[in-house]
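Contents: one structure, followed by commentary.
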Amino acid sequence: MTSTFTTLATAVAAEAEHGGGQAAVEATGVFSLTWLLIAFPLLGAAVLLLGGRRTDKVGHLIGCGASIASFVMGVVLFAAMLGEGATERAFTVQLWEYFNAGGYQVDVSLLLDQLSMAFVLLITGVGSLIHVYSIGYMEHDERRRRFFGYLNLFVAAMLLLVLASDYLIMFIGWEGVGLASYLLIGFWQHKPSAAVAAKKAFVVNRVGDMGMVLAISSMLAVFGSSAFEVVFASADGASTGWVTAIGLFLLLGACGKSAQFPLQSWLLDAMEGPTPVSALIHAATMVTAGVYLIVRSAAIYDLAPDARTAVVVVGAITLLMGAIIGCAKDDIKKALAGSTMSQIGYMTLAAGLGPAGYAFAIFHLLTHGFFKANLFLGAGSVMHGMHDEVSMRRYGGLRIMMPVTFVTFAMGYLAIIGIPPFAGYFSKDKIIEAAFADNWIVGICTLLGAGITAFYMTRLMLMTFFGNRRWQQSEPPHESPSVMTVPLIILAVLSVVGGFGLLYLGADIVDWLAPVTGEEHHDLPMPLALLITITLVTVLAGVAVAWATYGRRTVRADVPAGNALTVAARNDLYGDAFNEAVFMRPGQYLTRSLVYIENRGVDGAVVGTATAVGGLSTRLRRWQTGFVRSYAVTMLGGVGVVVLAMLLVRLP
Amino acid sequence: MGEEVLFWVMSPFAVLGALGLVFARKAVHGALSLAVTMITLAVFYIAQEAPFLGVVQVVVYTGAIMMLFLFVIMLVGVESSDSRVETIRGQRGSAALAVLGVVLLLTTVTVRATLPDEPTGMAQATPDGNVAGIADLIFGTYVWAFEVVAALLITAAVGAMTLTHRERIFHRPSQRDQAIRRFREGRPEDAAGLPVPGVYARHNAVDTPALLPDGTPSEASINRVLVARGAARSSEEFSHRPTPGDIEAGTSETLSSAEGADQPEGETDEPAAAAPELGGDDDATGGERA
Amino acid sequence: MTFPWLTTLIALPALGALLTALVPSGRGTLAKQVAIGAALVTLVVGALISLQYLFDIDMGVEAETYEWIPEFGASWALDVDGISLALIALTVLATPIVALAMWREAEDETRDPKAFFALLLSVEALTLTAFASRDLLLFYIVFEAMLIPLYFMIGMYGGPQRRYAAVKFLLYNLVGGLLMLAAVIGLYVQSVDAGAPSFFVPDLVALDIDTDTQRWLFLGFMIAFAIKAPLWPFHTWLPDAAAEATPSNAAFLSGVVDKVGTYGMIALVLPLFPDASREFAPAIVVLAVVSIIYGALLAIGQTDMKRLIGYTSISHFGFIVLGIFALTGEAASGATLYMVNHGLSTIALFVIVGFMIARRGSRQVGDFGGVQKPAPKLAGVFLFAGLSGLALPPLSTFLSEFLVISGTFLRYRPAAIVATLGIVLAALYILWLYQRTMTGPVRPDVEGMADLRTREAVVVAPLFALILLVGFFPKPLVDVIDEAVEPTIVEVDVERPEPLAPVAEPVEEGTGR
Amino acid sequence: MSPTPYLVLSVILFSIGAAGVLTRRNALVAFMCVELMLNAGNLAFVTFARMHGNLDGQMVAFFVMVVAAAEVVVGLAIIVTIFRTRRSASVDDASLLKL
């Protein structure tokens, strides 16, 4: 039954239509109010952060209000956009001219098209749910007002990122999001580990931003401007070398923000932040910014094949790394973070496959947004119940105590491992298809990834909700209050319905994004049905293995010594160790030696000349004996020299 | 022709005079030998058709300035004789070097300079005599220099005056004060004032020491300059010599107190031996210092 | 005779300094009030002047030249273009803020605070003259005269080793000044050979000097300005001066006064010696990049807070010089904007660190920890200033830093790439400082730290408002600067590297070059 | 007769004077050596005056004498004051004027 659906989709696919075909038209009517989307949360953040003590009591309501208002505005815009024709859905809103320096002119303007519309809905939708959730979660925290201020700041920055129509304005949103994640990770500042994690996240993001800055600079060098329409229009004019360079720089930026392979070390430490933060920022929205950037720059990547292969390679590596790390983590949030990393690996891989994969990447991104947020919030309510106990070794058999959380968590679990009716199946399956269509090795990686995902997710489910009770604290875990479970339920429904809903009912996601990203279909190396069965078999195999190791045997409360792979996975496949050895230690050593050189060398040279002059003058001083007669000798010598000089000058 | 003879006769005197100045131990001898050099130079001036300068040399330079020197030497450094030992390290060596250098330099210059054998002589330049010529110049072209030099001399004189004038910053003790001080602070034996030179019985010359009541000559009565110069007559010839009468009285005394006898005896001889040797006491100027 | 705007702008702080000095020594607070009053009046006049340039309201501000020494052709020539206006606005704004921040500092000194305020106003007068002067001799005299009040400000008030720092500051800058004197005279001689002897900058720019004399004159000027705006090998005086001077004095020194060096580079060196600048540009770009990385790395390694911020300004000055000598439109206007932004953010950073030091009594980073708990507002303000220091986008410093990097990228690609490393190091040293002082468990002796007082908030508020304003609406300021920078870059007649890809016609490629 | 012998004599006297100034420690002797050097100078002046047949040489000699007189007056006054304060006229005693 499912195969008919997919064949229908492929049949309706138009021929490979070049992305960005639709010209953005000046926004009129309701679209000219798009800037309100950003204004609401920004205003909310300003009120909350500058408000001071007075807004404490009503702080969280303002925060939620702003986010929900923005969501409502998003839905209104979505409805209006549906009314437009399929290919005239791109609108630019010109706000004000940012600056014009030496021929480089940038306007603060927004671009609302299908791609950014999807993102807006995801961000504001999931964002509002998480706002509501965190009312309950952060109830007893006295800095809650500041928390909601930062959340609003994040939503505003993320919206600016997805709505910007110029790479530089996007970069402002990009860094704003980095700042918000720094503030939110390090929200509990009294914990030194949180502060270190926040700093690490910001610095690694900053390394990625280096790539972005260089990308925009090269755009300026090559195209003379960094506006989307100029860059995409004249992309084919530039030399492939340049376009590849821009592609690679953008990839570096994306890796920084989406915790992809070279710059992935910060994501697992980012779990220090409160759970709603992990859910919103490090699962649903911010980490997907990198994918958005690659999909948005489709025009560039289409012209730079090796940049695309680089994206695929990075995606594949992160996919596998994340999955392996996910298997070995006992901390529930770190396990979920590992799974996030691998799912984003999927999306990057899909985005790297070119026009064929863009739509599926975004589709997976949306569904992932739903079920990963659901899983994280579920984990949050588990921790809330277990009085902030994080390690799964202390859980076990919670399904009786926390039924609602269990059910919603199960929905997310089934969605992520890709069981047919659930959302994950449709989006991840499409990516595996596209991967196999592209080439074998990538296909195998995605398949392997799906298997391992099934393994660690089942492990997580079993250790948390089934098996023997390993609780340590006195009173039994209690179910979270309704203000937390309601968003859980909504997200659970979304992660169930989201899959086929977006693909088949109403506006098909692929057709919806086609004008922006274009569409292309390669033929599959093997029949579709066979591929789908293989994926299902691998997934079930993963579940069985996990059930064998964790289901039947009782889970040990202490941490068992694992083999080499598990130990490596426990410390993030030595990602941190590598950074430490290659960058941190030499960096510190370089700094210390430079400080030494500065005090001795440069400063020494300057002070040295001063003391040298001093020494010289003491020697000269000894020459002045005070005796009149030694002065007389000098005078006579002087007379001799003068007479000699006059002679030498005069003597013919 | 006579001039060369004159030159070769007189020039050794000049050089010897100069050497005498440098190598004389006592300043006075140096001053005199310098006077000799100056006079030979005066003769040379006159030989070189500069009679006015020759006379001025003798009158002003030798006559006034050298005498001023002698006067100051008397006042200040009559007994300061230098020792040959050089105190500043490396002074002699560098001095010799510098002087030799300058001498070589100047002599090569003068020897190599092509000078006319016969000087043009002053006849043509001084139609109505040397003095009139010089007078024209002084009060003609160089009158400005003349005025300035006059001012210079006056300032020099005033300068010397202020330098040597000693402001009495303390009350000058009058004779009455000294007398009071002598009784209050001085030693009892010289309370009656210092003895005046000369032994009235037979001598009142200034170079003869006065005798104290106990017969010993008093050092303080002789001007130390005379002592420095060695012109003071030794005192033992005046010390109370036992006359025959004394001897009898003395011997009769010795018979009575054996040991007492040599006491006065010793006392009278001893001062004689202790007569102050020549050489400065408190005011030795320039005594050799190690 | 229209109202001599510029001369009054300069005369006001000078008068203020005099008045403050004349206040009877017992009345400390009155002296301070007089000083701040004078500074505020100068601010008003400065604002009126900038109205004419920023928003084209005609206030009748125009060039003023009065005969000064006719024989030399030296004249009291004042004029304002985009670059000097931006810096005058910065100076005029910074002085009242620094004076207010100094209110508390001058208190605990045994000496009478009025001398400190009088010196500050005199430095402001001299700096304004430097920025507005169009006559080389006037510029030189003011350039040197500035050192004296600064020497006293550093030497009389501040940390334990302030005399060493003051002497080092003075000697360093004097050496530079002497070299520059030689070059000024050399230049004057050139103008005499060319017939009309004059110190008027436009006349001197009109001279075409043969290249190798240009080289020597360029070196004379460049070394003096490289010392003033600390470029890598000549920078060792700034950390000492910044560490030893009182925080607000250090803020004024590195925030405003050092800008005379970079202003000299862009307003004098480039137009006067175009060929030599073109020739030396690569070498100076290398020095600039070195001082970016060197300053940032040393900032990371510091334990003394004020010295740390001193090194950060060295890194920022590296960016400014890089922007000037990349010789492209974007880079130059980026550099000029950077001067203004760096001024704002460094003053904010120094002043806030000054508040922290005043509270804790020690400059060492190790003595702080967990200040965030007892003084959340202070921590928030410190974070905001730090973020403006590491050039976070919505804030103004980002735009200038980005312009410098993208402008340099047009011409010297490797230099731009290495310079981008600077933004990562910037993040490191600011956040590490924030983490060590603000977060983590609260140290016992930081327990009772007072939160931000209203006076301190009033000091910091205008700076943050401006940082945000220029961050979001840089257009008026950038236009004024760009319009002034264009001719300088064209003057050096280095053609701007054309975009490599023929731009498709849908969007007409910016203003034709 | 040719002026060379006179000049050589003047050089000899000058150098002896110089040697005297450098070696003798007694202030007065040194001072007199300076006078000797001045006289040597005067001799040379007079010789050249005669050689050129022009009175200016003698004029200079004359002025040298006057200045020498002024110099002696002040010099001796200084020596006397030093002697009075220090009780010694040795040149080496007054050696405090140094850094």
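Just so it is clear, A, B, C and D label the chains in written order, and each chain counts residues from 1 on its own.
Heads up, the rule we're going with is that contacts are C-beta pairs under 8 Å (C-beta built on N, C-alpha and C of every residue); 3 or more make two chains touch, one makes a residue touch a chain.
Listed by chain with UniProt protein names: B = NADH-quinone oxidoreductase subunit J; C = NADH-quinone oxidoreductase subunit M; D = NADH-quinone oxidoreductase subunit K.
Just so you know, these numbers come straight off a predicted model, no measurement behind them.
Participant: Which other chains touch chain B while also touching chain D?
Facilitator: Joint contacts, listed by label: A.
Participant: Centre to centre, by mean C-alpha position, how many angstrom separate chain A and chain B?
Facilitator: Going by mean C-alpha positions, chain A sits 107 Å from chain B.
Participant: Measure off the straight-line distance from the CA centroid of chain B to the CA centroid of chain C, and report it in whole Å.
Facilitator: The mean C-alpha positions of chain B and chain C differ by 77 Å.
Participant: Where the CA atoms of chain A average out and where those of chain D average out, how many Å apart are those spots?
Facilitator: Each chain reduced to its C-alpha mean, chain A and chain D end up 97 Å apart.
Participant: Could you state the distance in Å from the CA-based centre of chain C to that of chain D?
Facilitator: Computed value for the inter-centroid distance: 65 Å.
Participant: Would you please write down the residue numbers of chain D that are in contact with two or more other chains?
Facilitator: Each of 18, 22-23, 25, 92 in chain D touches at least two other chains.
Participant: Residue numbers in chain B touching 2 or more other chains?
Facilitator: Those would be 88, 91, 95, 98-99, 102, 106.
Participant: Note the residues in chain A that touch 2 or more other chains, in rising order.
Facilitator: 625, 627, 629, 633, 636
Participant: May I ask you to sort the chain touch graph into line, ring, star, complete or other?
Facilitator: other
Participant: Following the definition at the start, I'd like every touching pair of chains, please.
Facilitator: Touching chain pairs, listed by label, are A-B, A-C, A-D, B-D.
Participant: Can you list the residues on chain D that touch chain A in the complex?
Facilitator: Against chain A, chain D makes touches at 18, 21-23, 25, 30, 91-92, 94-99.
Participant: Considering the complex alone, what residue numbers of chain C touch chain A?
Facilitator: Within the complex, chain C touches chain A at residues 168, 171-172, 233, 235-236, 294, 297-298, 300-302, 328-334, 337, 370, 372-373, 387, 392-394, 398-399, 402-403, 405-407, 409-410, 416-417, 420-421, 423-424, 427-428, 431-432, 434-435, 438-442, 473-475, 478-479, 481-482, 485-486, 489, 496-497, 499-504, 506-507, 509-511, 513.
Participant: Which residues of chain A touch chain D in the complex?
Facilitator: Those residues of chain A that touch chain D are 621, 624-629, 632-633, 636.
Participant: Where on chain A does chain C make contact in their complex?
Facilitator: Its residues touching chain C are 96-105, 168, 171-172, 174-176, 179, 182, 186, 189-190, 192, 194-196, 198-199, 202-203, 206-207, 209-210, 213-214, 216-218, 220-225, 227, 229-230, 233-235, 237-239, 242, 587, 590-592, 594-595, 598, 602-603, 606, 610.
Participant: Under the stated contact criterion, what part of chain A meets chain B in this complex?
Facilitator: For this pair, the touching residues of chain A are 625, 627, 629-630, 633, 636-637, 639-640, 643-644, 647.
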